Amino acid sequence: MFSNILIYFVVIPVVMLALLGLCRDVKQIRAVAVTGSLALLGLSIYLLVDYLGLRQTDSVSPMLYTDSWTWFAPLHINLAVGVDGISIAMLILSSVILLTGSFASWKIDQPKEFFLWLVLLSTGVFGFFISVDLFTMFMFYEVALIPMYLLIGVWGSGRKNYSAMKLTLMLMGGSAFLMLGLIGIYYHSSPEGSPLTWNLLEIAKNDAIPHSWQQFLFPMTFVGFGVLGAMFPFHTWSPDGHASAPTAVSMLHAGVLMKLGGYGCFRVAIYLMPYAAHELSYIFLVLTGISVVYGAFCACVKTDLKYINAYSSVSHCGLVLFAILMLNTTAMTGAIMQMLSHGLMTALFFALIGMIYGRTHTREITQMGGMMQILPYLSVCYVIAGMASLGLPGLSGFVAEMTIFVGSFKAGMADYLAGAGSLRLVFTLVACCSIVITAVYILRVVGKLLFGPVYDDHHRTLTDATWWERLSTATLIVCVAAIGFFPNFFSDLIKTTFSPEIFRVLGI
Amino acid sequence: MDVTIPILILSIPMFMFVFLGLLGMKMTHKLAGVLGCLGMGTVLLLSYYTAYVYFFSGAPEFVNAAGERLQYLVFDQTWLQFTDKLTIKIGFLLDPISAMMLVVISTISFMVHLYSMGYMRDHHGVYEHGFQRFYAFLSLFSFSMLGLVVAPNIFQMYIFWELVGASSYLLIGFYYIKPSAVSASKKAFIVTRFADLGFLIGILVLSYYTGTFNFTELTSVPVEGIAGVTQIDLGTAEGVRGIFANSAAPMFMGASVLTWALVLIFMGGMGKSAMLPLHIWLPDAMEGPTPVSALIHAATMVVAGVYLVARLFPLYLMEESALVIITVVGAITAFYAAVVACTQIDIKRVLAFSTISQIAFMMVSLGVARPEIHEGLGYMASMFHLFTHAMFKALLFLGAGALIHAIGSNDYTAMHGLRKYMPWTHITFLIGCLAIAGIIPFSGFFSKDEILSSCMGYDWVAYIWMSLVAGLTAFYMFRLYYLIFWWKEHKIPEGHHAPHDQPWTMTLPLVFLAAVSCVAGFIPFGNLVSWNGHPYDFMEHFDWSVATVSLIVALLGIGLATVMYRKENSLPEKFRNAMPALWTWAYHRFYWDELYMFITHRIIFGCVCRPLAWFDRHIIDGTMDSFAAITNKMSDVIKPLQSGQIQMYVWYYLVGALALGGITVLCLL
Amino acid sequence: MELTAIYYLLPALFMFCCGVYGFITRKNMIAMLISLELMLNAVDINFVVFNRFLYPGAFEGMFFTLFAIAIAAAETALAIAIIINIFRAVRNIDVRSLNEMKF
Amino acid sequence: MESTGSLILYFIVALSMVVFSVMAVTTRKILRAATYLLFTLFAAAVVYFMLDYEFLGAVQIAVYAGGIVVLFVFAILLTSRPGDNTERLTSRSRVLGGIAAALTLVVAGYALVSRCAIAFAARPAMENPDMETIGQTLMGTGHGQYLLPFEAVSVLLLACIIGGVVIARKR
């Protein structure tokens, strides 16, 4: 069991949990958190390198490092693991954000409990990304969701009880749909007569889900994951949740957990039920297309920094789901890149907001101004994050958005020219408009918060970033810039994943 | 050609940006400035060398046997692959216009780098706060602009297009403490972003049909024998035309898809080049430091739109309707901006509107260019005017900067009669004014004359219209000139010493640019730049009747300005009172800003964003909350059942059981 | 006149109903317990009657009743212990005052 | 066909069962309620005798009448003073109780009378179970014999004794 490298993505957090339990003081806790997340980061980078090597020789199988250990035989539940380019990208993203999140919560109250829950959460996240067994996947998904309640409820700010409750309940509501969908998939996972399975690779290979069932199960799973992906109209947990969550939790939640939604939509809903995805995509296209502009418009008038970014996340994550539904390679590649990009830059945003909030004790942009003069380092980082968010070339947002637009425009035009309606085309154009609206709200915040005269003279005494804050933000900026400068590396990594079988049904 | 030099041209400014951006604060102001200038100086030399090699070496990859200039792809590196066909590449395309632009950009940029060494410090020689940052941003801008002009494909152009937008944003907002600068930078970015949306959609449409981003494939045919070399030709354009003619849905809302694509791409150009509906950002952009205005908002970035149209010119030739749109937009903008420029009192705004007007000239020139009219003279004239305009407008802006630096105000009412105090500035500014007014032998005369000639060849209405604008140009420029340097004696406010000329770092660029403006008209531009690379002597198309008329018009404008503004008098006042409505409207720039404010704040923010936010909080969120509320209510309703009264429990149980039993008895037994 | 089972069952049923009525209406816990005994007794009678009329050879009903009596005794003893304890605590054996288990 | 004597006996028993039950639950004096319960239990014991289960009747009298009612009386004396052993029944609770009781009566009575044909079966002849049979059945482990419940009940009683002591002891 321990010969498979992937299992260590779960083992390391578990060991961290045990060690955190033994820690006596805050230094030990920090040491454990940083060492553990560094180990995870190292592991994921090693995995990336190793994966690229293996891919040279094996470009056929949809996943590598596959392995399966029986867990509960009567129901065919296994701990089945395997990764492809997308999972590796997500693993790297998660470990980067865990690392930077640990730095960002350097001075948290009750560090031991906080890190325990945080690491438990990331156990779920890593487990989710390495699993290919639907049941295990779902289990890890739940493991990732539940600590969120405590993290927000205990360490949060503002209306934290309300937000924590709302977030948890809405996500659990989504999981209820999801579970229904997954069980449905399980019962149709194999052709008549052969044993059922939870393993999604086998399910995809069997392709035994009847079309009538797909039409029922696809919305279940898509909505189930879509709630976590902040799909309109199930996004309202996100503004409140993010606004109340402590910094690291906001980072991890917006940066990684919301990606679970997009990843799940892709991996489960679309990968297993391409027929229904093709048939029903228009409903969700409308919803996600609305998300994209709707979130952006809402962000334009909000005055709370975290709300602005939460709505911005709604918009950007909407773009992820939107692109996935375009059902072509380019747009899907763009979707995954957008997941990476959004994960990093939104984590950066939330880290910065947390740091600013920690100093000024307000998140209202009407109560602040001229931060560039007081906190130059944080402000510059904020400008960079903003630029990444509004899609400046050279940073990650641009490449992801452009890939999405090119891909979805292609899908839209193909539909339009084939006489299959202009829905995709119209919504692609609508989604394109978001780049302007994004510029509006980002520049509004930047102009009000960072530039201009100092609003509150009490703020003049604030000190700029400490070393751990610098480390945390700089790491994220480097990652954002890396994707922005060398997009083809990531794009190739992701694209190798789209084995033709995904598109077999679609005839693309 | 060796790839080292092109790579260096792009990477030195990039490196300077990162270097100064990260380490600038650790070094002294002067060191940062000197490093910036050195870097840019190197780029200048390399660009000159490249342009020289391209134009004059006569190597077979640059010029073919017939003497036609070719497009040469120095390198082309895959950057992001979308599909098998669509790939963004980062490359370096050398052809007449990109070589010319390399020269323009590196020259102006270097001049501005040098000039800023003097400008960005006060009278006591203390450098401004953020001086290093200023140089870092200048380097970023230079990098982006160079990358834009050498782009071999439209997506690279779009990438650098965005980058120049961002660096323009950063530089306009350089004085970020000033709220007006912040809002101006925001406005500039958002307006151009809006235009870029059209550009992007245009790219998407174009690339969907043609399956390529490359300019060469869109406009040229490869030359046999040498890799990476192409010849601009209508022939491939025929191929592209075939694609559009045979595509499944060539029409969309009454226009062909190609027209749509080209108009949308032109929309991007309209944004960057401040054409009429999207021009509002440029006057406000003058909030930035004056060298920035000279570099970005006069000479280089704002002509990107013209450059874009010129790049895709063979495609535009396929759709005359798109060219007509360009002509009309350009003509209206030119006139509008000239009228507005006549009434402004902020000298930088006058120059800004003058820039808008002059760029519109270039646009019109492109719009009226046809291969059959004087061998496509309009194209050449447009590029020529781009070149000369860059020089003399940068000169004017730098001169204005010198004045502002000396006086400390943008308002000419604070200036008046400065000619005695600042002779160098006076002379160079005068040269700039003469050049822009189109007085022989200054450079503006030649380029403007070519534009008017090609207008003449296209349509006499366009010719008359543009001549009128040229007359207005001469008028408002000399109005400005007289109001600054003549009008009445300069009053020195108490406690101030007399304004004086500037240090050599500022004078040198002025003198250099003035010299260029004097002689640039004699460059045989037609030999260097033409729409298909075929060289010709533009003096063949030089029409003395046109030249005479335009000269007379210019002199008329100057004469009128002399009469009205040379000495303090009441003529302008009378003039203004004669048509107060026109004057007020022109003074308020025909209320475009107010219109946009209305649309953005009232319509977009007030009628879209706020209702949406309200909808989100109250309807969507309210629905979710009401689920919770309903659950709570339900629990409140059934909670009393758990009253703790055991007798009630028994009662409920019993009645329930009996009901079940009764039903069983009645129905089943 | 033949005394069929119904002649025994109906009084038992009536007794049961009295128990029900008493259990629901009485406030005194001991009175409630008394009502409970009534119901228990009615059920005991039913067991016996059915055993006697339907399966005269077998003793299941009878033994069930036997055990029920034993358990009733135990239950009553325990209940009374509890009641006395409650009485000690609150000086009152009104069942309505015992609603700590509410909600 | 029953003898007249047994008929008379039956009517007396049935009547007393009904009457005393009603009185047990309606009287406002708690001690009287216990007394009426005692009479009802005696009536039940008579029914057992009439149905030829003498042993059961004896147990009924011994355990119920002799044991439980005495417990009741003790408890009543412990928990209530002579003056306040009256209770007022609210009309609401009376209505509720009445509904429940009437409903029970109607449903079960209707089911008995109209849907339960066996309730009208005649009484078959039966050997009176002798003590030996009862003893065998109670102590045997074979089919239809009840050692295990017997032991369970004895354990239960033990537990009950201990529980009663624990609960009721003074703290």
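As written, the chains take the letters A, B, C and D, and residue 1 is the first residue of each chain.
The rule we apply is simple: contacts are C-beta pairs under 8 Å (C-beta built on N, C-alpha and C of every residue); 3 or more make two chains touch, one makes a residue touch a chain.
Keep in mind that what you see is a predicted model, and the values were worked out from it rather than measured.
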item	value
Chain pair with the higher count of C-beta pairs in contact (C-D, A-B)	C-D
Chain nearest the overall C-alpha centroid of the shown protein atoms	A
Separation of mean Cα positions, chain C and chain A [Å, integer]	64
Whole-Å gap between the CA centroids of chain A and chain B	37
Interchain centroid distance [CA atoms averaged], chain C/chain D, Å	6
Rounded Å distance between chain B and chain C, as computed from the means of their C-alpha atoms	96
Multi-partner residues of chain B (at least 2 other chains)	647, 650-651, 654
Multi-partner residues of chain D (at least 2 other chains)	93, 96-97, 100, 104, 108
Interchain contacts (touch definition) - all pairs	A-B, B-C, B-D, C-D
Chain B contact footprint on chain A (complex, rising order)	166, 169-170, 232-233, 235-237, 240, 294, 297-298, 300-302, 329-330, 370, 372-373, 387, 390-394, 398-399, 402-403, 405-407, 409-410, 413, 416-417, 429, 432-433, 435-436, 439-440, 443-444, 447, 450-453, 487-488, 491-492
Contact set on chain D toward chain C in their complex	1-2, 6-7, 10, 13-14, 17-18, 21-22, 24-26, 30, 33-34, 37, 40-41, 44, 47-48, 51-53, 55-56, 59-60, 63-64, 67-68, 71-72, 74-76, 78-80, 87, 89, 93-94, 96-98, 100-102, 104-105, 108-109, 112-113, 118-126, 129, 133-134, 137-138, 144, 146, 149-150, 153, 156-157, 160-161, 163-164, 167-168
Contacting residues of chain B [partner chain D, same complex]	647, 650-651, 654-655, 658, 661-662, 665, 669
Interfacial residue positions of chain C with respect to chain D in the complex	1-28, 30-31, 33-35, 37-38, 41, 44-45, 48-49, 52-54, 56-60, 62-63, 65-67, 69-78, 80-85, 87, 93
Complex contacts: residues of chain B adjacent to chain C	639, 642-647, 650-651, 654
